[in-house]
Amino acid sequence: MTAIVFDNVWKEYGDHVVLERIDLTIAPRSFVALVGPSGCGKTTFLRMLLGEEKPTRGKILVGGNPLKTEPDADRGVVFQRYSVFPHLTVLANVMIGREFERACLLGKLFGEARRAAEAEARHLLEAVGLKGHEDKYPASLSGGMQQRLALAQAINRKPRILLLDEPFGALDPGIRADIHVLIRRIWNENSLTIVMVTHDLSEAFRLGTRVIAFERPRNRPEELERYGATLGEVSAKAIVAASGASITQDFDVWPRKVAEPLPSADTQLDLKLASANGAKPPG
Amino acid sequence: MTAIVFDNVWKEYGDHVVLERIDLTIAPRSFVALVGPSGCGKTTFLRMLLGEEKPTRGKILVGGNPLKTEPDADRGVVFQRYSVFPHLTVLANVMIGREFERACLLGKLFGEARRAAEAEARHLLEAVGLKGHEDKYPASLSGGMQQRLALAQAINRKPRILLLDEPFGALDPGIRADIHVLIRRIWNENSLTIVMVTHDLSEAFRLGTRVIAFERPRNRPEELERYGATLGEVSAKAIVAASGASITQDFDVWPRKVAEPLPSADTQLDLKLASANGAKPPG
Amino acid sequence: PAANAAEKKDFKVAWSIYVGWMPWGYAADTGIVKKWADKYGINIEVKQFNDYVESINQYTAGAFDAVTLTNMDAVSIPAAGGVDTTVVITGSTSEGNDSIILKGKDKLEDIKGQTVNLVEFSVSHYLLARGLESIGLSEKDVKVVNTSDADLASAYKTPDVTAVVTWKPIVSSILENPDAKLVYDTTKIPGEVMDLLVANTEVLKDNPNFGKALVGIWYDTMKVMSDGNAAKEAMAKAAGTDLKGYEEMLATTQLFSDPKAAVAFVTSDGVKTTSEKVSTFLFDKALLGKDAKSPGAIGIEFPDKSVFGEKDNIKFRFDATYMQAAADGKL
Amino acid sequence: MRLLNLKPDRTWSIALAALPFAALLAAYMMGSAMRLAENPNDKLLPSLTAMGEAVKHYALEPDPRSGLYLMWNDTLSSMSLLLTALAISTFIALVFGILIGLLPIMGATFGPVVGVASMVPPLALLPILFIIMGLGDAAKIALIVIGTALKLIRDVALRVEDLPREQLIKAQTLGASTWQIGLRVVLPQMLPRLIDSVRLELGPAWLFLIAAEAIASDSGLGYRIFLVRRYLAMDVIIPYVIWITLLAFLMDLALRLLQRKAFPWFAGARAA
Amino acid sequence: MRLLNLKPDRTWSIALAALPFAALLAAYMMGSAMRLAENPNDKLLPSLTAMGEAVKHYALEPDPRSGLYLMWNDTLSSMSLLLTALAISTFIALVFGILIGLLPIMGATFGPVVGVASMVPPLALLPILFIIMGLGDAAKIALIVIGTALKLIRDVALRVEDLPREQLIKAQTLGASTWQIGLRVVLPQMLPRLIDSVRLELGPAWLFLIAAEAIASDSGLGYRIFLVRRYLAMDVIIPYVIWITLLAFLMDLALRLLQRKAFPWFAGARAA
C-alpha cells in the first residue's frame, strides 16, 4: 500500500532552516501524531506531504513513487479552520467532492447522478452525527460540528492519506472527546493513513499509533533561525489507556519529556530517539 | 472590603433568557473560577459585573452599594483577545492607565511624572517576565506574552476586582502553566478579588478557590432559548493538588459532573448544588 | 473616417444648443431632415451635442461630416487640424448676442485692471479683444480667467466676479441682476461673428447632394419658423427656455431666413476683413498650430476664389453655391 | 456616565436622526426667503413652492413637444444606461478579477497594468472614447464601464487573494481542477463581495453618467441638469439632485437587500 | 500541473507584467501611424515625437507670454489645491468620523445625514458653492472636500465601530474618560486606517479637481487639459493624462510608505 518515506528531507525558507534531516518511514495504515512547540515546522511538514511545498533537499516517496507536486484527491486534509466552504450547505459541502470527480465541466451533478451523490453524502453525514443539519450553512454550526463536516467532506473522496493540522485545536474539551471517538472510527473503517498535527499531548497519545515530536535542539534564539527542528520520535502502541492520567502529569514540562517512558504499566511504549543530534536522552 | 452579591439576577435578551435566578455572594479576596458549556452566559455574567450590561431583573451589590453602571478603574479586566492596545509599545500599554489617571486633558504624562510612571511600569513588566520587551509592539509578542502584558496593564491601576474572560484559552498548554504561576502570584500579592471564566476544568480547579459551573437544566433545543442557565457551584479549597488527574477523568462528561465529589483523597472539596431547579443530584 | 470617403449614403451632422442652431433639432424632430434626405436618396443623422467644443472635436476627428460652429472656431479647430472645411450655410450673425458685462460700472473703459471671466479662445475672447482694441487697450490690461459657459451665470453672483464676456442666454440670465451693465456687444462689430454650418470639403465635393439636402433642410425650417410661433416655441423648449426668452435671443441675432440675404452677406467684402482680423487674433493666441509663422498660415478662400493667406494651404472655404442654388430654387 | 456609554433608545434615535435633516431644510428655507425678499426673481435659492411647481411641470405633465413626462423619461434613460454599464462592469470584473486573483500567471501579467490603468482619470479619455464608440449610448456606457470596471477588477482580485489558502487546497484534495475551483469555490464566494464593491462604485458611476450626458445626449438626468444650468434654473436642478440622491440611496439599499437575501450564508461567513 | 499552481518566478513576472504595457504602446503607435498617414495634421492620435515636442514645449521652455514653465506651474497649482483639500478632508473626517463612530448620540444624530449626503452628486452643487465661496481656489477646495470628506467620515466612523469593543472596555477599566479614549485609544488607531481610506479617495479627488479647474481657473493640470481640448491638442492632453496618472500613482505609493513607516505597529495588528 502507501508507505510514506522521507529521505533526508530539509526545508528552508531563504536562510531560515525550518526542518532538517527528516528521515522517516510511515507505515501504511498508521495514525501518526505530530507534536512540537509552536513554529517548529509541523505545518510545513504537512504542507510538504500535501505537495503544496517542495522540500529544499531530500525527497518524499509515497508507495515508492515520488510525491505528486500538487495536492490531489489521494490526500485528504482537514485544517484547524477554513476547511469547509462557507457558501455551501452542509450537504453540498460533502457532495462537492463527488461533483468535482464526476462533473468535469460544470462541477455540478444533476438528475440520477445527483441523487446518488446526495444519498451517499446523507449517509456519511449521519455517520458523523450531522443528521438534521444538512441544509444549514457552516457559519451556523458550532466549531465541533464544522470539523465533523470537514472530516466527512474529506472522507467522501476516499483518500489514501488523511492529513490533519490541529483539527480539534479550537474545540471545547468535551466536544473534542466526542470527535476523538469519531476520528478513530473513521480510521478503523477506512483504509487510511492518518498524519495529525496537534498541540495536545494527551490527544496525541490517545489517538496516534505513533507520536512524533519535532523540536529544535539549539535553544539560543540567535541560532534558532539557522538550524531547523530535528525529529524526536515515540511510537505508542496501546494508546487509549496509555494517555490520560500520566500524560497530564507531564503537561507542564511538555514537550521535552515526550520521549520519556510512559509511567502507566499497561502501556507498551516503544521509545526511540530518532534525532541524531542535540535531543536529550530519555529521563 | 468588596464582597460581591448577586441578588436574584436575571438576564434576558428579548425573549431569550440567558441567565436566571443567580443568587451568589462572592467573598472578598476569593478567586472564583467560572465554568460552563459554550454559550451558557459566562461572558454575559462577567459583563454584568463590569457594568457593561445591566441585569434584566435583580441587583448586584459591591461592598453593599449598587454596582456602578459603567466600567471603571475599580474593576480590571483581561479578555481572551484584544485586551492590549496594538498601537502602543509594551511599556506604553502598561503606563497608559497611570496616564489616564494623572493627565486628564492630554492623557499623556511628561517630565518627572512620566519618569515615575515609567519606572513603575518597568518594575511591573519585570515582575510579569516581560523585561527586555518594553519597546516592542503587542503584535510581535507571542500569545502568552500578550496576556502577561494585559495582566500587567490591568494590575497597574490596582483594581479591587479583576475579571478574566478565558484569559489563557488561546495559549499553548506549556505556556499556560507558566502563566498560572504568575496569576496566582498576582492574586497573592495584591488585595484582589478575581473572577475568571475558563473552558478548562483543570485550570479552574488549579487556580480557583471556588469553582462555579453554569449549566442549562433543560436540554431540549426548543426550550434552551426560553430558559437560561442556572447556577451550579463547587468550592474547592485545596486546589493545586486537587485538580489534575481526577478532573481529567471527568473530562469527557464535563460539565455536568463538575458537581460530583472529587475522587482524590487528599483534596477537601466542599460540594454544594446551589441551583434549586433542574440540576441533577451528584453521581 | 469621413475625410477620404468617396461617394456614400450615410451622413452625420453635429449641432449644439445655441439660438442660431436650434432649427436643426426642430428639423430633425419634425421630419424635415428625413424629407430632404429621402429626396436625394441619402441618410442624414442629426446629432445634438450639449457640449459645443466636443461637437467640433468630433467633426475634426472625422466622426461627423458636418457641424455647426462659428467662423472663428472653424479656423482654429478643424482647419488648423488639417481638416479642409467648407461653409455650406451662413445661418446668422451675432448682432448683440455676445456681450461684455461689467458689475456696477457702465463704461467699457472701466474694464481696465479687472479680472474678466470668459471662455478662453472662444468668440467671447475675440469680442473682448475687439472691445479693448476699440478703446486703445490690449489684453495685457486685464486678467483673463477661463470659466465654463455653463457656470458663468452662477459665477456672476459671486462678489469677486466683476466682468464677464459671454453669449445668450447666459447674458440674459446675468442681466437680470440689477447691477449688471452691458458695456459692449457684437452690434459694435456687426457680421464678425458668424454662426455657420460647415462640412468636410472632400465629402462635399464627392457628394454634392449632401450639401443640397442641408441647404434644403435649413431654408425649409426657416420658412416654418416665420409661419407662426409653434416652431419657435418648440425650439425654445429644447433650449430650456420659453418663447419669450427665445424671441429675445432671436432679436439680437441676424438670422438669414432668406438665402438671397445670406448669399449677399457671404459674398461681401466684410467677410474678407473679418477673416483677416480673426486669423490675426488666433495667430496672437498661438491657435493656428505650432508651425504657423503668420496669420495667413491657414489659407481662407472666399466665394470669389480670392484667398487670404497661403494659397497652398487652403483649409477653410467660404462657398455660396449651395445657398445660391436655394435662392434660385434649384434644389 | 461617560458620553461614550450614553445610548439613545429607539425613539430618541429617530428624533436625533431627523434633527439635521430638519435643520438643513430650515436653513434652506430661511436663506431662500431672505434672498427672495431682496430680489423676488432670485433663481439661486427658489422657494419650496417654486420647486414644487417645477416638479409638477416635469414629472406630472406631459411635455407638449414630445408628449413625454420629462422627469420619468430622463430617469428611465439615465437608469437604463447606468444599469447596463454596471452590469457590464460587474461581469468584466468578475471574470478578470477571478482570473487575476486566482491564477498567478494572469496576476503577474495583468495585475500591474490594471493597477496603473485604474489611476487614469477616465474623463480625460472622453474625446477618444467618443471617436471610437460614436456618440450614442455606447460611448456613455463605455465611459462608466472604464471608470468603474478597473477598480472593480482590482477589488475582486484582491478579495480572491484574500480567500483562505486552505479552501483552495481543500478543493484540490477533493480533486477539483482549476476551472472547477473557479466555478464552484471562487465565483460563488465572490458574488456577495462584489456587491460590496459595486456599492462603493455607485457614486463614481453616477458621476461619469452625468459627465457623459453633459456632452452629448438628448435626455437623461445629467442632460437636464446641464441644459437648465445655463439659466441657473435651480428650481429644476435642486429637485433633480434630490431625486438622483434618492435613486442612488435606493440602489444602495437594493444591493444590500440582494446581498442579504441571495447570499444568506454571507453574513455568517463574514462575521467569522 | 493545475494552472492555479503555476507560479512564474521573478524574471518571468517582470516580463509578463511588461507585456500589456508594450502591447498598449504598440497599439497606440500603429493607430497613430495609420491616422497620420491619412491626414498628416491629424490631432487625435499624435505621434510620439509630436508628444515629445509638446512636453518639451510645456515643461522645458518658458512660456513666452508669462515666462512660466507651464507644466510645472500647472502641476504646482493643482497639487497645492489637491493636497490642501485632502488635508482638510482628512482632518474633518478624523474629527467627525471619530465622534460619530465613538459616541452613540453623535452616531444617531449625524450618521443618517452623512450617509444620505454622501450620495449627493457633488458636481451638481457647484453653482451654490460658487455663490458661497467665490470663484477662487476656495470653491475648488470646497468641491474636493465635499466630494471626499463625507465618504471619509463614513469610513472612519465604520472603522471606529469595528474596533474591538474589548479595547474600549479595557480603557474604561483603566479609568479613561471619553475624551481620553478618543485621544489616546481611538485617534492613533484611526490614523493608519485613514490612510487606506484616503488612498481610495485619491481617484475621486483628482476627478473633482479636474472638474473644478475646468470651470474657472487660469492654471492647473485640469485647466490646461480643458483649455487645449478646445483645439483637440491631444499631443498635450495625452502627456498630461500620463503625468496625472503618474502623480496619482506616486501619491498612492507615498501614502503606503507613510503608513508603513509612521505606524510600524499597524501591519502586525492588521494581520492579527
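Each chain gets a letter, A, B, C, D and E, in the order it is written, and its residues are counted from 1.
Going forward, contacts are C-beta pairs under 8 Å (C-beta built on N, C-alpha and C of every residue); 3 or more make two chains touch, one makes a residue touch a chain.
These numbers come from a predicted model, not from an experiment.
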Note, CA centroid farthest from subunit A's centroid sits on chain C
Among all chain pairs, the one with the most C-beta contacts: D-E
For the pair subunit B and subunit C, the C-alpha centroid-to-centroid distance in angstrom is 83
With centres defined as the mean C-alpha position, give me the subunit A-subunit C separation in Å. 81
The distance between the C-alpha centres of subunit B and subunit D, rounded to whole Å, is 48
Whole-Å gap separating subunit C and subunit D, where each centre is the average of the chain's CA atoms: 37
Could you list which residues of subunit E touch at least two other chains? 2, 44, 127-128, 131, 172, 177, 229, 232
Which positions in subunit C touch two or more other chains at once? 57, 61-62, 150-151, 154, 157
Touching two or more other chains, which residues of subunit A qualify? 70
Flag every residue of subunit A that touches subunit D in the complex, lowest number first. 50, 52, 70-73, 75-77, 79, 81-88, 96-97, 99-101, 104-108, 137-140, 150, 153-154, 157, 159
The residues of subunit C that touch subunit D in their complex are 14, 17, 29, 47-51, 54-55, 57-58, 61-63, 149-151, 153-154, 157, 169-170, 173, 176, 178, 233-234, 237-238, 240-241
Contact set on subunit E toward subunit D in their complex: 2-4, 6-8, 12-13, 16-17, 19-21, 24, 44-45, 102-105, 108-113, 116, 118-121, 123-125, 127-128, 131, 151, 168, 172, 177-178, 181, 200, 203-204, 206-207, 210-211, 225, 229, 232, 234, 237, 240-241, 244-245, 248-249, 252
Which residues, counting only subunit D, touch subunit B once they are in their complex? 1-2, 5
Can you list the residues on subunit C that touch subunit E in the complex? 1, 3-4, 53, 56-57, 60-62, 76-77, 80-83, 117, 120-122, 143-148, 150-151, 154-155, 157-161, 287, 289-290
